[in-house]
Amino acid sequence: METILSIRNLSVSYYTDEGEARAIRNLSLDVEKGETLGIVGESGSGKSTLALAIMGLLQPPARVKTGSIYYKGRNILSMQGEEIRKLRGKEIAMIFQDPMTSLNPVKKIRDHFIEYITEHMENIDEHKALEIARKMMKSVGISEERLDDYPHQFSGGMRQRVMIALALALNPNLILADEPTTALDVLVEAQILELVKRLKNEFSLTLILITHNMGVVAEMADRVAVMYCGRIVELSKTEELYKNPKHPYTKGLIESIPLLYNRSRKLVSIPGHPPDLRNIPSGCSFHPRCPYAFDKCMNVEPELEKKEDGRYVACHLY
Amino acid sequence: MGLREYILTRVILTIPMVFILLSIVFFVMRILPGNPVLLRFEKNADPQLIASYTHKLGLDKPLYIQYIDYINDLFHGNLGLSMSGDFSPVAPEIMSRFPATLELAIYSTLVAILLGIGLGVLGVAKRGKVDSAIKLYGIISYATPVFFVGMVLQIVFGVFLHVLPVYGRYDGTPPSGITVAGIHIQTGLYTLDSLLSGNFQAFLNSASHIVLPSIALGVVISGVFVRITRANMLETIRADFVIAARARGLKERTVLLGYALKNAILPVVTVIGLQFAILVSGAVLTETEFSIQGLGLYLVDRVYFRDYTAVQGTVVFLAIIITTVSLLIDIMYAYLDPRVRL
Amino acid sequence: MKREYFSPSRFIFYSILGRGYGRAFIVAGFSIIAFLSTMSIIAPFISPHDPTKIGIGPSNSPPSPSFPFGTDQYGRDMLSRIIWGGRFILLVAFTAVLICASIGVPIGLLSSYIGGNLDRSVSLIMDSVYSFPSLILAVMIISIYGTSVINEALAIAVVYIPSYFRVVRSQVLSIKELQYVEAAKCSGANTLSILFKHILPSIISSIIVVATVNFADSILTTAGLDFIGLGLPVNLPDWGIDLTYGRFELASGSWWVILSSGTMILLAALGFSLISEGYAERQNPKIR
Amino acid sequence: MKLKKREAVSAATVIAIIVIILIAALIVYLYTTTPQQTQTTTTSTSQTTSPTTTTTTSISYRDKIVIGTTDSVQSTIDPADAYDYFGDNIIQNLGEGLVNYRPGTTEIVPALATSWSVSPDGKTWTFNLRQGVKFADGTPFNATVVKYSIDRQFKIDEPEGPFAGVGLDTIINRTVVNSQYQVSFVLNQPTSFFLSLAAFIAMYPVNPHVAPMDRIVNYTGNVNTENPNGLGPYILTNWVRSGGKDVEMDLTANPNYWNASAGYPKTKNIVIKFFTDSASLNLALQSGQVDIAYRQLSPTDIQAYQGNPNFKVWTGPGTFIQYLVFNEKQKPFDNVLVRKAIAAAIDRSLIVNTVFLGQVQPLYSMIPAGMQYHVDAFKVYGDANLAYAENLLQQAGYSQTNKLTFTLTYPTGHYQSTDGIAQAIKQALEKTGMISVNLASEPWANYKQSTSADQLQVYIYGWYPDFVDPFDYTSPFLPADGIGFLHTHYVNQNMTRLIQQAASTSDSSQLASIYQSIQQLIASDAPLVPLFQGISVAVSSPKVGGIVLDATTIFRYWLLWETA
């Protein structure tokens, strides 16, 4: 298998007047071509920051402290200007959380397509760009007449379809979907997930799916990375993770999923709150909330290590 | 609320607002003890003459009758008789002065918009030191007296460089406009009139006169535009759709102008209405400084002659203009926003 | 978002100078204003000459060791005039702010608290005056009542009352329904005490922002009135008057008169603008 | 990171400071590179020689001269109404009197009248009119026109007009047409200065076809039908007026001018541009927008132009005076000792040198120097005569501890530099140690009103002559009832008698002694204290010639010329 994206020792901090908030801490991760990688975690665990870092879209006060992100062997973080612009959209596309606010309210949908396509492909004129737009709209199941509408004339689910159509218009290799269904109601969510699944196969994409919803990950992902407090605490195949979660945090996450078919199971939530990123606990950052914490956890930060069964866990228990 | 209801409500609300403003002007002017006619004839105060003029101006009637007359006159476009010279009607004087002020207002707003939006966008695009400097420009230009800017411009461009006229609106007889199909069109805006009559020389003449005053006033007003453009740009530049646009790899130009600015510009339109008050105040000072015979200078002159009706008339006229402009801008805003436009 | 409630010590440390957004602006603004006010107050002790005395030096002499800011057309010492020159313009501005705050705030509190038709009518009146240019109304009022510190301040104040009214009203409407106000109502506190004990303290920082803008505008309007000859008596040492009359000497080469007086007016207005900008940033950190 | 932010802000501050310094440096540089003004006064006195006599024919002249002024026509250019400096001056260029002054002098010379005589009782003046003269529109000029014009003045009887203003309505009894070209004025009493009155615009003939008998001609935009004059060197071709304020006035040569054959006017077209204040006028002159600036540049401006080779400064004797007025209804100014003490303590050199930079002259009589019968009557007090002033104040009961305290009020927006004058007076008086002066100012309109209401204690007024005669510098200030326009409430039977004598005496040696007595009486009673007398100043481009500034204060456009 070919590694399409490789993150090495990435640290990202937000520099505010109140101090440095360490959103991502020394994170490393490989994404294989063609897979669907789920990244899960509570809000504030650094998932979205990671997505923006991959796109090279971090804005002040956020800044990359150390590390690199290689896309097909090229370091995204050292790219400048046109180079990174051509990468975005063309190679890596992103689908955002809130379709309601992710489209320019003063532009028609067709204009979104046309400028997107023509700015990336110089030999394509408006006419051809429109043809692509029609095709994409059809493939996400929207009639092409609606290209002439403004974003506010669409419903949430329809807008997310438009966003997906836009993201796929230039046939990128890697799709970053940041909570693509969080803002949608359950019925629509299922439709959209179905659509993403279908298109992923159709376009042979690599997909990074960022979500806090364990159910969505279970449905979609090949592998799952669990993030806590700016680090990956567990990484393994989806099935294994669900069957046998190792890290206490992962356990907590899975136990908090309500299951229709097993009402007898007690629904457990993880006690406490995620820590303040400006003031991360020493040792294992999860130790204040961990039911199994012992002395070492308070002093030594566990590394993400490959265990004998081929799974990666960052926990002193193993 | 649909666009139509919105406009209707806005129009209906404007009527009592104008009415309140007019009443305030009337009562502030009448609290003055004594007879304003006396002020005019300080020297040769012939009682008969004073009585006749007092009657002519209707000042011998009870206050409430005067008020009714005043409102009634206003509806008929009558702003009373000037108390200086020959007691000529005030309204035609104001109308003859208005184009000068209007022309200054238009060009200085243009300067302010170009400068303000240009710098505001530049600051957001470059960030860092350029942005800090532009932000400071926004604050300083707002805090600068307009006539201070005017003085510097007059000295530099008029006296040292000898490139632009430093006073007035026109050298010689102003352009007379054009007659089309028997209808004579003369706007009183010299730059427009000269273009209408196709006289390019006259256009240069009038345009060169308006340059310095409109820059002086425009620079001062631009501070507000810089600040509001910057603030709106910074707000929209963090908006999801701008990040999404960047994530699509759109050119920075497209992102800034097509996404951020296009959305940030709408609220700026409403500011044009709000800064109109600053514009009018500034016009009084600019007209005085550049000897432009507009409404502002008229007001100042008439105060000097204690021409009570002319002062009242000018203030009333400005009140109506200001309320109308803010109404029009609100309506324009409603039309411009596609989210409302249905 | 959490709303901060009023406590005097916290207010001083956090709202006025405390850390946080816009601090640099606020500190710079307060320093300028503190400097100018101190200078104006102690003017009699630090001014090298009588600012009104003519013929102290040669007329229109450029800055020199004996006259660091030069002299004006009557041979008056510009340094002394600059030191004294803030007294009246700042006094007018201060009085204007005091007048309109003490009218606008109570009206805003009462009107919005009582609500109903009264509130609607008062709001309509305030909205009508709101967009009216302060200089025009001031010209009108001064043309009738003549010039004096109090008349100028009154004339400027009238136009600014609605600004206080509006900001107070919008804040009160949002606070009115909050729990602690409800609680105070239930515990039988009367309207006035609720308004002044519970509501007023929590809107004080919004009032400060309006007041600083008001200050800056008052200074500029006062200078504008001086410029059109409706300001204070011309024999007073005053920045606005020096800037106005300095203009007559400018084309003949005396740049120092307008430069020093113009800079002082700019500084005074700038000081207050910086403070208001700082507070605006603090309230809306995005515009940094 | 915090540090970083502070850096950014301070960097911006540094940039701002640098910009300010750069602008300041630019201004300094530009100023220092312009020729330095020198204190030496190059007196370019009135050059009355006309271009034809001084230059060869190879030099070409421009046919248009632009004059800039801060004056404005106050109401109209109708001789029945205009009683302000500029309105009168325009009439003097658009119209013509029966007699006129020889430029540069106060000598009366024939104009529309070729000769005149007075009856032995001094009450009938007869004028022989020039024949064949026509108004600009072709209307013939004759004795009937003269009678029409004077009768019209009586009929309209504008209380604020010039005719009543100088008292012509009480001087002239009737006008008699003797023949087509001879007219007589019958007076109520002998009037020594009637010839000067005949040169005043109130007696300028008007065009009967334009000026109706019973109505003042207002200007509403038609230059052809609303200019009642028409006998002068120029006709009005354009007058841009906006809201009672002048913007521009264009004059062109009158083809029917009686003296056209002598080559007048020298320049065909005159453009007058109106400015709101001296600063804009000065800027326009420097930027070349006007060729001549006349009335009113500031003393500093004028000082700067002297010695600047790019401009020419023209000066002439000024008949404008300024003086201090006491209202004797206000205690203690009914006490002559107090008035005299103030007269003695005043330091005219402070006003002349510090306030006006030497561009006015100290004045020691209400009749200006250079005018007939002038006597330096106030020299008896001297200037800054503190010892004498203190002595008088002690006599009046004042001391270092019990100071004389009063308010000196001055007008704004009318005369030049009144704030400086008031401050100079305050400083001089307070040097006695026994006087404390409060200064107050009022805008001109309020000021006049406060004067009339007897609300002022000590105040400043100025005077421009209506006609060039000492009578015009005494009678208006000293009415028998002590009121007039000054409200001195100074009443002295001797003074009233002397002024009556001055009006009716025509013998010059007798007049000299009468005016000497009047001036000495003013000095000893000190109801008024003369301060200074102005100098007329015009500044022009060096190519301009023909500017004549004399005691008549008439600015004659028809003598102006400018080389190309």
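So that you can tell them apart, the chains are marked A, B, C and D in the order they are listed, and the count of residues begins at 1 in each.
Just so it is clear, a contact is a pair of C-beta atoms (placed from the backbone, for glycine too) under 8 Å apart; a residue touches a chain by one contact, two chains touch by 3 or more.
The model shown is predicted, which means the values in this text are computed figures rather than measured ones.
The pair with more inter-chain C-beta contacts, choosing from A-B and B-D, is B-D. Central chain assignment: B. Criterion: smallest distance from chain C-alpha mean to the mean of all protein C-alpha atoms.
In this assembly, A is the chain whose CA centroid lies farthest from the centroid of subunit C. The mean-CA centres of subunit A and subunit C are about 51 angstrom from one another, to the nearest whole unit. Once the centre of each chain is set as its mean CA position, subunit B and subunit D turn out to be 38 Å apart.
If each chain is reduced to the centroid of its CA atoms, subunit B and subunit C end up 24 Å from each other. In subunit C, the residues that touch at least two other chains are 229-230, 247, 250-251, 255. Touching two or more other chains at once are residues 140, 154-155, 159, 238, 288-289, 304, 306 of subunit B.
Chain contacts: subunit D has residues 5, 9, 13, 27, 277, 283, 286, 413, 443, 446 touching two or more partner chains.
The residues of subunit C lying in touch with subunit B in their complex are 124-125, 127-129, 131-137, 139-145, 216, 220-221, 223-224, 227-230, 243-244, 247, 250-251, 255, 258, 262, 265-266, 269-270, 272-274, 277, 284, 286-288.
Within the complex formed with subunit A, the residues of subunit B that make contact are 127, 238-241, 243-252, 254, 258-259, 262-263, 337-339. Note for the complex: subunit A touches subunit B at residues 52, 55, 57, 59-60, 85-90, 93-94, 96-98, 101-107, 115-116, 119-120, 150, 152, 163, 166-167. Those residues of subunit D whose C-beta lies close enough to touch subunit B in the complex are 8-9, 11-13, 15-16, 23, 26-27, 30, 74-76, 159-160, 216, 218, 238, 240, 242-245, 247-248, 250, 271, 273-277, 280, 283-284, 286-289, 413, 443-446, 448-449, 452, 485. On the subunit B side of its complex with subunit C, the touching residues are 13, 16-18, 20-21, 24-25, 28-29, 31-32, 139-140, 142-148, 151, 154-155, 159, 227, 230-231, 234-235, 238, 273-274, 276-278, 280-281, 284-285, 288-289, 299-300, 303-304, 306, 308, 311-312, 315, 318-319, 322-323, 326.
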